[in-house]
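The following pair of complexes shares a single chain, chain A, combined with chain B in the former and chain C in the latter.
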Partner chain A sequence: MNPDRRQFLGWGAAAAAGAAAVTTLAPGFRLIELAQARSPQEAASALQRWGLLIDITKCADCDACVTACHEENGVASLGRPETDAQWIRKVNLRDQRTGYAQTLPLMCQHCEHPPCVDVCPTGASFKRDDGIVLVDKHTCIGCRYCVMACPYGARSFVHEAVSGQKADVPRGKGTVESCTLCVHRVDRGESPACVEACNKDGGKAMLFGDLNDASAEIHGRLKSEPSSQIRADLALNTGVRYQGL
Partner chain B sequence: MASVQYREIDGRSGAYRALLGALGALVLAGLGAAWSMEHQGHHITGMTNRIVWGTPHVFAVFLIVAASGALNVASVASVFGRELYQPLARLSGLLALTLLAGGLAVLVLDLGRPDRLIVAMTHYNFKSIFAWNIFLYTGFFAVVALYLWTMFERRMNRHTKPAGLVAFLWRLVLTTGTGSIFGFLVAREPYASALLAPLFIVMSFSFGLAVFVLVLMAACKWTGRALGDVVLNRLRNLLGVFVATVLYFVAVHHLTNLYIARQHDVERFFLWEGGIYTALFWLGQVLIGGIVPLALLFGTSSRRALAAAAACVILGGLAQVYVLIIGGQAYPQLMFPEKEVASSFFDGVVAAYAPSLPEVALGVGGVALALALTVVALKVLPFLPKSLADGDVGSAAA
Partner chain C sequence: MTRIAAVIIAAVLAVAGAADASDQRARGVALPAVKIEKGEACVAPTGEMRRDHMKLLLHQRDRTLRQGLREPRFSLKNCVDCHASRETGSVLGKDGFCSSCHEYAAVSLDCFECHTPLQQKRAAARP
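Our next item is the complex of A and B:
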């Protein structure tokens, strides 16, 4: 190693140590807060598993989550309910014997073993390392096999031309789409729009977080409280869990 | 059977041109339907977010299944050494190719983005049975073309048997793949059964032979070629066995479901209270597609009865595929057992569906394409024997 390079590395090490000393005044207390969001260059990591916990005993008879989702993602109704895209919907349940009624939001369950990904011929349906299941709008050929395979009816086929698209949320006629868990917001360190709306205007039934993070509230609640998956018999290990079902 | 003489059809008559013109018009109508679906989107069809595979898929799956079955006559000749079928082998191979072409055309033109076909050819997810099918279908073209070459080229005749064996095995795998498109769908109660793969194979035997019989009878009649009773009676018995086998597999499938408590609602839907699907099952699939053909095939010996039976098998087959594909989607997915379910997505209710004109036009266009290709090929190459009279094929039948 030549002297110039050695000297340069020495300065670098000193600068790094200085920066650390300046920004971290005490453990957990920083002068400059570290960015929580991932940078655009940084890949999603399998260290995280994003998910939702929905307590349907708190789920009010409202559709704040649905409205917020469709507004956030530019999913507009064209007044044709059978062909309009629905990324999230409210499902009303009534027990056949007792008549006990419940309501809950249903969307892509972001499975660990997603059937939609298994069946997609081109690999357009894919799962990010952090568990978010998405559709690559450039390689979806519109075969709809994923719609056939999804146990939750979570996917919609875009039946006609779309307008008013959001910059973060590409959509296109002839392709399939579904809840992205607001991946564009998650990558900025924010919560999905449905969760934000539920906590602001709804029954505060929805909780978003990293299922793998032992310090996250969602992790703690899943560890200490009962919860369930829809169609747990399929062993898909969904990222969306329900309480009170 | 080296003495079998083949001859192209003349193809200069007014009737030939009229037939080709009519088929061409139907193909154009199908292309027009595909164009408007591509431009305006699938909302102009009867398909919805609940019924994402509609009438085009019924025609496409029927044609693809029939294609592999149409090859059976050739397989019986080459693989199983039945010389009576030898003169029919070329037509059998031809129909396998043209029916598959018609089916695939419908399938591709019904895609949301048919312009991205190149993506399907360059991006593969090998866990998907769809991706495998792309190879199985294109490979089938190559294998059957090679097989036909060994039949047409005298110097290659000695390779006909191994080529026929490869084609036979390939078609078994191919139909297994087609059945598994549905068999692998774990999330839908009407599907998710390993039985669907062998069921599709016996369906292909039946549908493919029915199409073959009708095309053979029409081609011989319209070109004035002799078609003896020896050949027809063999095909009659073979078709009868295939129709009965399909009924057997269907019965086993439903009986198994009836035994499983969680499948009771599915069976109640298809067999009893499913409206149009129940009617199509009993009247279309079982009666017209099964019982009537069996009565016609084994109850009488007239040619007209054979033709009518083959037509019934085709109609019943279309009904069967319709019940499977559309009925299977219309039946609500089970997410919340013991609950009544309601939502803006029509959860918990039987999905409504009515075939639209563009869908029917596209499907019929695929059938017309298959037939038009056949009609042209018969004129261009010697697929048909000069004679299938009893005396000409009788020695082999003995």
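Our next item is the complex of A and C:
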């Protein structure tokens, strides 16, 4: 069997599995339920693609998402803004002509074709099968090519020794890090800390879900409402989408 | 000349043999204090864990990070939760489960440059 034929059969099997996963008996009743949380024995699958939809018109002038993210991931400020790690930040936009001001949270956009992965010389920067872009700090050599390659400035380098890490979020000096889409929470079936905080204390602007799941709210809203990607011209197919930009 | 060399080698071997006798092996260097704080048995037999714990952890870390498989059995978190000291809640420190052996064997321990050495239940209970 030549490789092309084998690959073709592989695609067939994947397509059949995808079709089986969304087999419906009646509207809203599935033969095989799409599980939100995977079991610990089940690997992340390309059938899912995690993403965010952020409605900027609802994004209030607060930083609940930033605080929650840094609390969840143990990212403490050392009072040195130039070198402090930043996983998510609030960006303020103002139209110079009209003075119309907007504010939005900006983090790793979890691209389908991530430039940070392209440039990484060790393979430390990688995209998980379910679309989450991560840094394998075991193999990261701290060269910071990915920091330069990222068009969103989403990555930070850890300049100083870290202590008091969270058990689920190891962090250490000499490696690059960025938003993980709270991968440890997603694997438990929860939503990222920023989304939870925004819906609790903020303007309810953020929505998390599986972009591939036809029954997910995020899928429906992206299908029926206008949305945009930041730097769509780069054709990176980001997992984080914005409304009202 | 060869006779002298043979005598010297024999003498060295005799001294080495005596030093290797189990009660004298640690002369000059304190044996590691391996305190088992919790549970009856580890996730694998003791001999296997002593020889291969680093291989198990290496395998598990790639599965967890790259594939999202968070099986608790060989996870570092699971190790720390069982083996952390009752007093300090940590696997590091003077009599820490990890550090005492690693210091004895003079093998550097890089895990906790990034991972927390603290037991989570205890950390959660702290203010």
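Couple of notes before you dig in:
One rule holds for everything that comes next: the second predicted complex is superposed on the first by the 209 of 245 C-alpha atoms of A that agree within 3 Å, B and C clash if a C-alpha of one lies under 4 Å from a C-alpha of the other, contacts with A are read in each partner's own complex, and residues count from 1 in each chain.
Criterion: contacts are C-beta pairs under 8 Å (C-beta built on N, C-alpha and C of every residue); 3 or more make two chains touch, one makes a residue touch a chain.
What you see is a predicted model; the values in this text were computed from it and never measured.
Of the two partner chains, chain C is the only one touched by A:Val183; chain B is not. If you count the residues of chain A touched by chain B and by chain C, you find the higher number for B.
When the two complexes are overlaid on their common chain A, residue A:Pro151 makes contact with chain B while staying clear of chain C.
After overlaying the two complexes on the shared chain, residue contacts for A:Gln41 are found with chain C alone; chain B is out of touch.
Once the two complexes are laid over each other on the shared chain, residue contacts for A:Lys173 go to chain B and to chain C alike.
By the touch criterion defined above, A:Ala216 lies against neither chain B nor chain C after alignment on the C-alpha atoms of chain A. Within the superposed three-chain model, A:Pro81 lies in touch with chain B and out of touch with chain C [touch as defined at top]. Common to the chain B-facing and chain C-facing surfaces of chain A are residues 138, 173, 175. Remark: chain A residues 80-86, 89-97, 106, 115, 117-124, 138-145, 147-153, 155-161, 173-176, 230-231, 234 touch chain B in the complex.
Only residues 38, 40-44, 126, 128-130, 134, 136-138, 162, 164-168, 170-173, 175, 183-184, 187 of chain A touch chain C when the two sit together in their complex.
Those residues of chain B lying in contact with chain A across their complex are 38, 40-43, 47-50, 52-53, 111-114, 116-117, 119-120, 123-125, 127-131, 134, 181, 184-188, 329, 333, 335-336, 338-347, 352.
In the complex of the two chains, the chain C residues touching chain A come out as 61-62, 65-72, 77, 80, 113-116, 118, 120, 123.
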